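Below, chain A partners chain B and then partners chain C, in two separate complexes.
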Partner chain A sequence: MNLPSIEISSRLITLLATLMLMLQLLLVVQRMLISNIRLFALQSLLLAVIAAVVAYVYGAWHVLFVAVLTLLGKVIFLPWLLQRLVRRIKIEEEIHPFLGMPASMLICGALTVLSYVVARPFTSLARLGNNTLPVALALLLTGLFLMINRRKAITQVLALLTTENGMMLAAIALTTYGMPLVVEIGIFFDVVVAVMVLGILVFRIRESFDSMDVSKLNELKG
Partner chain B sequence: MNPDPLAVLAQTVLLIVLAPLLSGLIKNWKAKLQNRRGARIWQPYLDFVKYLRKDMVISEHASWIFRVAPWVIFLTALVAGLMVPLVTAQAPLGLFGGALAVVGVLALGRFFMALGGLDPATTFGGMGSSREMTIAALAEPAMMLAIFTVATMAGSTNLGQIVLAEQEPGWKFLDAPHALAFAAMFIVLLAETGRIPVDNPSTHLELTMIHEAMALEYSGRSLAFVEWGAAIKQLVLMALLANLFFPLGLAPGVTLASFGAGLAFLAAKLLVLAGAVVLVEFTNSKLRLFRVPDLLSAAFMLGTLALVSTFLFR
Partner chain C sequence: MLLTSILLIPLVVALLCLVARQRILLTALNISGFAIGLVLGLKLFRTVLAREGAAVTEWGEFLRADALSAWMVLLISVVSLATALYAVSYFRRDLAAGEVTAPRVREFYVLTPLFAAGMLLVVLANNLGVMWAAVEITALSSVLLVALYNHTTSLEAAWKYIMLGSVGLVLALFGTIFAYAAAVGPSAGMALPSFNWSRLLEMAPQLDQKLVKLSFIFVLVGYGTKAGLAPMHTWLPDAHSEAPSPTSAMLSGVSLKIAVYALLRFHILSAACLGGEFSQHLLLGFGLCSMALAGPFILTQKNLKRMLAYSSLEHVGLICAAIGVNAPLTVLGALLHMGYHALTKPVLFFAAGNVQQHYHTLDFRRIGGGLAHSMPATALVLGVGAVAVSGLPPFGLFVSELTILAGGFASGNAWVSGVMLASLLLVFCGVLIKLARLILGPARAAAPPREPVAAGRTVAMSLPLAALLLFSLWVPGSLLQLLELAANIIRRTP
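Let's turn to the complex of A and B:
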């Protein structure tokens, strides 16, 4: 483990984290549901690559396990599940957010700057390139904003998943070696199960309200 | 610094010759992806020669602006191209303001393109001009922000010095601000060259055309210069993107060997970039005109974040 390889890997991780942030911003602009799911899969793939790089460079092999788990679960399984759900309930493809695209873009930009400012005191701690923690925070905040901004249940599930991507990134960035394996597996299966339950829930909402618009849940049904 | 006449001549010839080949290549690849055979890549040359031979039909209501505009479009694209480092790190014309001058000269060309569309007073021309200016007003700030990011990191707006500063060891071009600025610049490239999410270069459908609507009244020699100018502008923007963000293979001095190596690197980078543009065109559908600001606001935001993050990491 010589110095240049760490230097290069830290650059690489910074770059990949930035690409994750970029994909998140594209998620905000993208209106088509299927493209949204694909963008999320791509973002998870980047996360898996980051985890693999960390595992390789620092010899932390349980992080490699996380990488494989992310690859199987969030790049292949969950997008497949969500796409199947979209096809099965035959919803319209377009997302109708509450705020327009330029306004939400501005808000997400502000949130990203905020996370850069907040994470600034910690940047000297992170050995893995000083950009990863702010990006993780930005993913978390913009994911929350996306959840608030979108009407349909399935798009909110997607936003939850990107939030979780941000958390994973923070775990890898902050501690260098990731959290203990048990915790990571716990979080991971939590999310997978949550998405599956939410999928069934979305299906049920659709069955009884003829729509996935969560604001209709206020209406009483006998 | 005095411009070297030989370098100016070489780069002018390179720009004029390479530009139609690049647009022909993009058209050909796009056709291949759509399962068509496509025109050969040197087809634009034949088109231009054909246009040059034909007579011009000019509306009797058109003024001198209509006649002058094609020359201005062609020459501004060429001058902007001379200020961009193409094969060596030093651009032949680096005298006034570097990156800012490139953006300004390109804006002058666009201004005359819009005037040329308005002047014969056809409805399509006016519509195209108004759309072009709308998009330009949104794309230009994003482009400025992306260029400012690179300039701030290099400490100079001179494109040659930016390229040299990036070539220092340390893989500077992998930095986060660079990646964000690159993304912003790529979206701007799609908008400025009239590529598919913004404008469709291969249609004359009245609802969608932007560049084509402005060029609709031109014929013969003027059309050749308008189209050739657009091709050169595309080459200039793509070379700017390639050389500013991936400054590999650009030698500081001019020797025959470095010139050849620079040319090979430029060709490789342009091929990769053209492939990316073709892929984007192939996988996306054209956006509705009122959705274009969404895309460009994303570019603007990426540019802003890039610039902000350069200051946060000081």
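Let's turn to the complex of A and C:
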């Protein structure tokens, strides 16, 4: 392992992470539900590639396992599951967010700047992919914003999954080697099961309310 | 193999319930599983005591139980056993009334042991990442239990619970990752630093301080959401009031305390790395905030189970605040309080379940009063539970609250104890006024007929109450010894 290769891969990781952030911003403005799911799949693919790069550079083969899991789970299985759910409950294609496109874009820009400011004290850590922490935080914050801004239950699930991508990015990049394998596997299966549980709930909500608009869930107060 | 079997038994029960069909078999499996769990929990209790606080470990330190974990294991097994006993009559009546279908009841019997297994893994796992995954398991299994009735309101509650819970858990995982990153620097050279809590505690002084600080803040908000600390508590009254009563009892009785336990592990770590003030002040602030918030909501509450949920919020707040004060007495009092609350709250939720099944509503105004006439056995249990939960003698919550308050005053935190006392008083008035009117007030004209006497149900309901009374009057010396060991772990004094 010579230094230049670390230098190059560090840049590669930064580039990929930036692309993840760009996809996230596209998600914010994209109004079609199916495209949203595909954007998420693409974002997860980038995450898998980052994991593979880290695995290759450090020879940390368990991170490669994480990359494969991400590929199978988040790039293939979950998007398939969500698309099937969308078709099965025959919801309309378009998302009607609370805030319009320009306002959402501005807010997400502000959130990204904020995460760079917050992460600044930690980016001096001389480690591979040390620029990814702000990206991870930005994914978290914009994901939370997406969750608030969208009415449909399934888009909230998608937003949750993007925050989860941010977290995996932090886990892979910040800690150099990723987390211990048992932890990664635990996190992975929890995410898959969480989406399945959410799917069950979405289905039941759709049946009972005849809608997926979660702003109608407002009976319980006080 | 003790820890492994404690974990495996509820898991096996859940798997067996997946294939079992008859309801009698399902209940028998659940009850016997939890009964064995309690026996094993007692054995763990004695093992930990015999080792004078040295941790029991298995699978190369993958599972680890010290005094604090042993105490939590006891709480989990007691509450799950009480729940399983009460669920028998509860679901018999629900099925007869056509409120639930048989497959749904089976769902309950599969998910409840899974829920318990998740909680047990939280307290027995040494690896902080595994602990996080286990907390997520408890959230996922309980969310389907909350949605069991499939009413519009229960779906709403479940949705809010899973959404807030998931966001909280994402934040908690961020915090967990930061804790791990803090350990990467000092252990450079090793391919993979250990993520075991015990190992992190050993190297605490060398951890990256900034990252540990960041980690604790994320974890506090994250697990704090799951523990129902204000202002992240908004899911709590919804989920607790819409879940079937046995599940409410589990959620309130132990699940909240499990989240507090997870928080405590990080508190101990951060105190060892940064000194105690940082995390203590945060715990104290969030705890007092929860306590202060609960009172007004209880005073204006219209729904019986929501009121009980806010009372849980208040007790969790008290526990966190007491640990935040960090005097020897307050920490001991907080641990004692966990135990007494775990025995009291299920009783109240069981009684509330009876009321709901009899009146088909939980609204105070629609029930009116006269519970003492229409359902005397339930009214008695509810009344005694109310006296216990509002902290009146001779019940244990009086002792633990007094211990906490006295500890606060003695350690010079007079204003903290003052705020605690004020909010406790407010809740005391609220709970007693509401329940006194419900039980003793005049009955409405359209009140349903008298509840039929059901001996099995009454016994199942009052068992935890009997245990509460017993342990209120007599705390075994060995138990006190265990609690002292656990308090020493939290306060980091040998």
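The rule is short, and it goes like this: the second predicted complex is superposed on the first by the 215 of 222 C-alpha atoms of A that agree within 3 Å, B and C clash if a C-alpha of one lies under 4 Å from a C-alpha of the other, contacts with A are read in each partner's own complex, and residues count from 1 in each chain.
The definition used in the following text is that a residue touches a chain if its C-beta (ideal position, glycine included) is under 8 Å from a C-beta of that chain, and two chains touch if they have at least 3 such contacts.
The structure presented is a predicted model; accordingly, all values stated were derived computationally and were not measured.
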* Asked: chain A superposed: clash or fit between chain B and chain C?
  -> fit
* Asked: Looking at the overlay, what does A:Leu26 touch: chain B (first), chain C (second), both, or neither?
  -> first
* Structure fact -> Value for angle(chain B, chain A, chain C) over C-alpha centres, in degrees, nearest 10, is 160
* **Winner by number of chain A residues touched, once chain B and chain C are compared** => C
* Should A:Val182 be classified as contacting the first partner (chain B), the second (chain C), both, or neither? -> second
* To do: For A:Ser208, select first, second, both or neither according to whether it touches chain B, chain C, the two together, or no partner.
  => second
* Asked: Should A:Met147 be classified as contacting the first partner (chain B), the second (chain C), both, or neither?
  -> second
* Once the shared chain is lined up, is A:Asp190 touching chain B (first), chain C (second), both, or neither of them? -> second
* **Minimum C-alpha separation between chain B and chain C after superposing on chain A, in Å** => 20
* Structure fact -> So the chain A residues that chain B and chain C both touch are none
* Asked: Touching chain A in the complex: which residues of chain C?
  -> 127, 129-130, 132-133, 136-137, 140, 143-144, 147, 150-153, 155-160, 162-163, 166-167, 170, 173-174, 177-178, 180-181, 184-185, 191-192, 195, 210-211, 214, 237-238, 241-242, 297, 300-303, 306
* Asked: Within the complex, which stretch of chain B touches chain A?
  -> 171, 174-176, 179-180, 183, 291, 293-295, 297-298, 300-302, 304-305, 308-309, 312-313
* **chain A - residues contacting chain B, complex** => 7-8, 11-12, 14-15, 17-19, 21-22, 25-26, 28-29, 31, 100-102, 105-106, 108-109, 112-113, 116-117, 120, 130-131, 135
* Structure fact -> Residue set of chain A touching chain C in the complex reads 60, 121-122, 125, 127, 140, 144, 147, 153, 156, 160, 163-164, 167, 170-171, 174-177, 179-180, 182-183, 186-187, 189-190, 193-194, 197-198, 200-201, 204-205, 208-209, 214, 217-220, 222
